[in-house]
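Both of the next two complexes hold subunit A, though its partner changes from subunit B to subunit C.
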Partner chain A sequence: MTQRIQIEAVFIIIHLSFGYVVYPNLIYMLTKTAHWEVIICQALLQLMLIWVYIKGLHYFPTHNVIDIYLKMGRWAAIVFLTPFVINLIALASLNIRIHTEVIISIFLPRTPYWAILMLLFFISIYTALKGLGTILRSAIFIFLFVIPLVVLNIFSSVINFNIHNVTPGLNLPPKFLVDIKFFYLLGFSSFLFLGFMTSKTKLIFRQLFGAWVIVTLLFLSVVYIPLFIFGQDTVVTLKNPFLEAMDSIDISWFSFNRQAIFFGVLLVGLVILTNSVLFWMIGTIMQKIFKWHSSYWIIACAFIAFIFALVVPNKYLLEKYFLWSSGAQAFFMIIIPITIFIYGSWSNRGVRGHEEK
Partner chain B sequence: MKKNRLFKLSIVCMTIILLSGCWDIKDINKRTIPLVLGISKEQGGQYKVTLQIPVLKNESQVSKVVTGKGESITSALGKIRTNSENAVDYTQIRLIVVQNNLAHNQKELSAIVKFLMGSEEIPSRSLIAITDENVEDVLSSINDKLGVHASSIYDFFNKGADWAPEIFSTPVWEVYRSLFSSTKDIAVPVIRSGKNTVLIFEGSDILKKGELMDRFRPEEIQLIRVLQNKNEKGKIESLGFASIMVSNSSIRLTPSLKNNKPSLSSNLNIKINVLERNDGVTNKKIIEELERVIEKRFFQVLKRMQESHADIFGFGQEFQQFISYNELKNWRDEYFPELKVNFEVEVNME
Partner chain C sequence: MRNKIVKEIEATFSNQGDFFIEEELVDQTKIFLIGFKTLVDLTKSKLYVQQMADSNTSVKALFINLNDRVNVDAKQLIKGILEGNLVIVSEDGKQNAIVNPIVQSLRSSVSEPKNESPIQSSTDAFGDDINTNVGMIRKRLTTASLCHCSYEVGDLEKRKLSMLYIKGRTPNALIDKVDQQLKGIKSDIDTIDDLNLQFGKRRLSPVSHLFATELPISAIHSLKENKIVLFLDNCPFALVFPNLLWDMLVSINDRNFPSILSFMLRFFRVIGLVATLILPALYVALVSVNPEVFKLDLALFVAKSREGIPLTAFLETIAMVVLVDLILEAIVRLPKSVGPAITMVGGIILGQAMVEAKLVSNLLVIVITAVVIASSSVIGMQNSLYIRLLKYPILILASLFGILGVCTGFIFTIIYLASLTSVDIPYMTFRIKKEGATK
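After this line comes the complex of A and B, so read on.
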């Protein structure tokens, strides 16, 4: 029971980590009015995929995704999961770098970014090496620490709201569904880790549904806070809309006169946990496929990720690569649940047919 | 036993790693923290940046004024940093004063605002003001006044609710927003140095996408604040035969659109206290006179705004539901001049 709550906490934290930095910019590019329609569409699509994923996983109790692919055959595991690992390395490295840039711009303007990168990498690798139990326990800790800050950010920003900056409109033609940017957007919803944690606990769709509702509400707030403060016309000109929104709040009676600092602290917590989950996934996949101890794999892949994060030259390329990797993530989000579902229903039917004879 | 020693050693190592994080930090007593930033442009096209920095040690002087010149604002700020004996920390700037030759030039002003917004050091929540005088004189005048604090220029804009409701305080991010907004313009306060007080509030400049449209006197600005749904509480109004103080106000706007002609009915509710009155003046007379004065003032302001196509009230915001997003871009030129406002004031005695 506790583990399910822990998994839900990880689910929310990972979504927030991806959601805060690039997600709002993509939404503002996709539509000028009725932003909530895009968010809801994305969330519903995600919910559908989660349902398929869990349904597929239920065909194989006590197995996780890697076991299922290995059951299909070693070649299947290599073909499906090795590219996925490469994508995870890229995602981890770019995610940490993008957060580093934001953290530097909030409160460490004179520190070189490799120093911050090293610290963040160090902690998340350490957590990943300690294994799933540590990740899940620290998820609860970070959750209790981060969520009050999120709520504080949301409530303190209300003083600058102007409701009239947003058009609620309903008149949007659904052409954004075929836009490539929508595909990228889908990549921000990461639920694939669920399948790697299932061998001990059975996931229940109803409970994840609660976490999904929270995530959707948080995504709405991430998109709508800058919109309420600045309006669509201005928001598209900003590099980091949420950060600017936090920076505009002036509460002089408060002990800390910058709300953005809270935002920065919150990002540190989010990125550390997210990356330790990504590294842990890499470790488990590689260990099961290539029979080498997972901690070696984690350290090796994290080293590659660190080098990659270090060599990305500028912010423009960083954002471009990040979009690509989240696009690839969206691709795997569709491929992995569907293959597992199809294989599961197929092999299950085979078993049933066999029994009937 | 051996494991325990290893553990202690690793803790010592961690402290060394974490403590080295302070290697590029400058102590707070070795920093110079300016509160007010003045920007002006010289005859030769060079930017001049003036900083007002509180002095902590010297008793006879409350602040010092430092200037730097350069091809751009960044280079001027950089020069101050080079010549300063301490590290200059721009993150605590609370007020930015722009001289009128820059502020009244659309291109220059929008460049400055974009720079201030993009700058990671200068906070975007710092307030902005315009002055007709030389910026340096305004900032240095504080030292001539007796018994004032170094932060008094900033405090001027933050008297708190009820104290001086006509002063507009406009942060940088709001000016930045107005550069792109298609339905709302912005008023930026105009100040000059006073004889006995540090500053004198002269009114507000109305900027439309960074372009100067008009200047309003303090009492007209007051009304604009009310219509933007900010409270008018504390305002003292003299009607000749009586003086009153506004204790509360609220406004309700109901927009409607017929045949592409916008119209707006607005109900302003004001609660007043009578402070003094001449003999024989009834409550009814005070109420009627006040309603007449406010309505007259409103229609004067509206007429001026409609002529210059600048929507300082933000009425266009109310029409977000009625006009499509793309059409709203033409709000100022096509819809706003046609806008009919049914303005009603209701005054209540407390």
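After this line comes the complex of A and C, so read on.
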């Protein structure tokens, strides 16, 4: 029971950490009006994939994704999961780099970015090395520490709202569905980690649904707060619309000058946890496929990720690469649940067929 | 003429000043009373043996009636003497007995707790004697499911160790593992930390596997919460295994108040814990690295309070923090008559003179005072010490990365504490379930 709550906390944390930087920009590019349609469509698609994923996993009660692929055959595991690991490395490295840029731009303008990268990488690797139990337990505490303050921030932004900025509220027909950027958008809903944590706990769709609702609400707020404050025309010109929306808030009784600092600091916790989950996934996949101790893999892959994060020259390329990697993530998000579902129902039918004979 | 056994015992203890061999006549037969004067009350024991002899017809019957451990070999007799018993050997050496003597009273009686101060609660505290301690638990917890296992551990000396648990509540896997670990002890157990090291690798960790408490009521509460309680001979503490984060914030004595008050107490302890960890770091971060976080008037106020101070914020803070930790340590070590003097001098010098001499800012003095008070709000002396230690890494990170350092340091502390486990039970578990499944 408690394990499930922990997994839900990780679910929310990962989404928020991926979501708030690039996600709003993508939405503003996709549509000029009725942004909620895009978010809801994306969320429903995600929910459908989660359902397929969980259904597929339920065919193998004591297995996680890697075990299932290994059951299909070692080569199937290598073909499907090695590219996924490469994608995870890219995702981890770009995620940390993007956040480092944000941190530097908000409150540490004089610090070199390799120092911040090293700090974040060190803590993520440490957490990943300590294993899943540590990640899940610390997730609960980080969740309790960060999320209430984030929600407070979101609510405090209401004072700057102008409701006329987001009218009209309806846009039909939904053209964005055929846009390639919508596919990229899907990459931000990272639920694939669920399949790697399930060998001991059975996931229940109903409970994840609650987490999904919270995530969707958070995504709506991430997109709509800048919209309410600046309006669509201004928002497309901003680099980090959500942070700048936070920056614009001025509460007289609050003793801190800029809410964005407050917010940026809190999100560091989310980034660290997200990256440790990614590194942990890399470690478990590589250990099961290539039989080398997972901590060596984690350290090696994290080193590659660190080098990669260090050499990306500028913010423009960074965001481009990040989009690519989240596009690749979207690809895996469709491929992995569906293959597992198909293999599960196929092998299950086979078992049943044997029993009937 | 002394027989073989007596000679052997005499040879073993030949260089012990307090060793005695007394000859006594019982029913025309000579017997030897052997033991340590420091452990056995000789005059009273002699009287006891005489009275027993008067009521028994033969020497053989006397030996049987004195104790059931009769006619054992020399090795066991020596062990009996070392344990503080009286050994009686007949003249021909064919008969002997280990007698529970009238002992020299070396123990103080049940007294009040020294390290904890319970409010609205029983004020009995554990003492040095292991049997008294177990007895105190038994007297308060009258149930047949309370189990008691005894061990004798150590290399040079055999030290008594008791393990208590409630059968049917404490998970069997936990009991088995602790049992194995206690049986596997090879070295001497002199301190709580020696015992602590037996439960796994935590040599460099400030967090102990064991939570020491002086109060029977809190030991009983731990038993009821499916934990194991260990007693070490000559150690006036119940050692609760495993030690959980929750123990630092919640005490059973809180529940003597209405629940809203106990919630308030616990909430303040959480604040105290967080404040101890991050307040000094936050001061350094906000003053030296990220002053722009504050609103203008507040930033000006902070800058004004630091006007003319030659030290950097980090040096100033670390100096004050170390000084305060030194004072706290000194007050603990000093005799009670000198302690108040140190407190007064420390208070005046740190509070007044350092500010007037412009060595540290007013604001820092307030911060440090808050930290010292906050660090003492958690339960257990060792917990207070370890959170005082954990604030240093965060302080150093804050001086490097400012407010980001405070946040990452705090999160790193959370992750570190979450990674600790004792025998597969995480330190950050809220409770231990009956069947052994843990969060």
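Here is the rule we use: the second predicted complex is superposed on the first by the 356 of 357 C-alpha atoms of A that agree within 3 Å, B and C clash if a C-alpha of one lies under 4 Å from a C-alpha of the other, contacts with A are read in each partner's own complex, and residues count from 1 in each chain.
Keep this in mind: contacts are C-beta pairs under 8 Å (C-beta built on N, C-alpha and C of every residue); 3 or more make two chains touch, one makes a residue touch a chain.
What you are looking at is a predicted structure, and each value in this text was computed from that prediction instead of being measured.
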| item | value |
| --- | --- |
| Contacts of A:Arg258 with subunit B and subunit C, given as first, second, both or neither | both |
| First (subunit B), second (subunit C), both or neither touched by A:Thr111 | both |
| First, second, both or neither for A:Thr82, with subunit B first and subunit C second | neither |
| Touching partner for A:Gln207 - first (subunit B), second (subunit C), both, neither | neither |
| First, second, both or neither for A:Gln287, with subunit B first and subunit C second | neither |
| Partner chain in contact with A:Gln3 - subunit B first, subunit C second, else both or neither | second |
| Contacts of A:Ser347 with subunit B and subunit C, given as first, second, both or neither | neither |
| Doubly contacted residues of subunit A, that is, touched by subunit B and again by subunit C | 111, 115, 258 |
| Complex contact set, residues of subunit B against subunit A | 21, 24-25, 117-118, 120-121, 123-125, 158, 171, 173, 176-177, 179-182, 314, 317-318, 320-321, 324-325 |
| Residues of subunit C defined as touching subunit A within the complex | 289-290, 292-296, 298-299, 397, 400-408, 411-412, 414-415, 418-419, 421, 426, 428, 439 |
| Interfacial residue positions of subunit A with respect to subunit B in the complex | 32-33, 105, 109-111, 115, 162, 164-169, 171, 229-234, 237, 239, 244, 247-250, 252, 258 |
| In the complex, subunit A residues that touch subunit C | 2-3, 6, 103, 107-108, 111, 115-116, 119-120, 123, 126-127, 130-131, 133-134, 137-138, 141-142, 145, 254-258, 261, 265-266, 268-269, 272 |
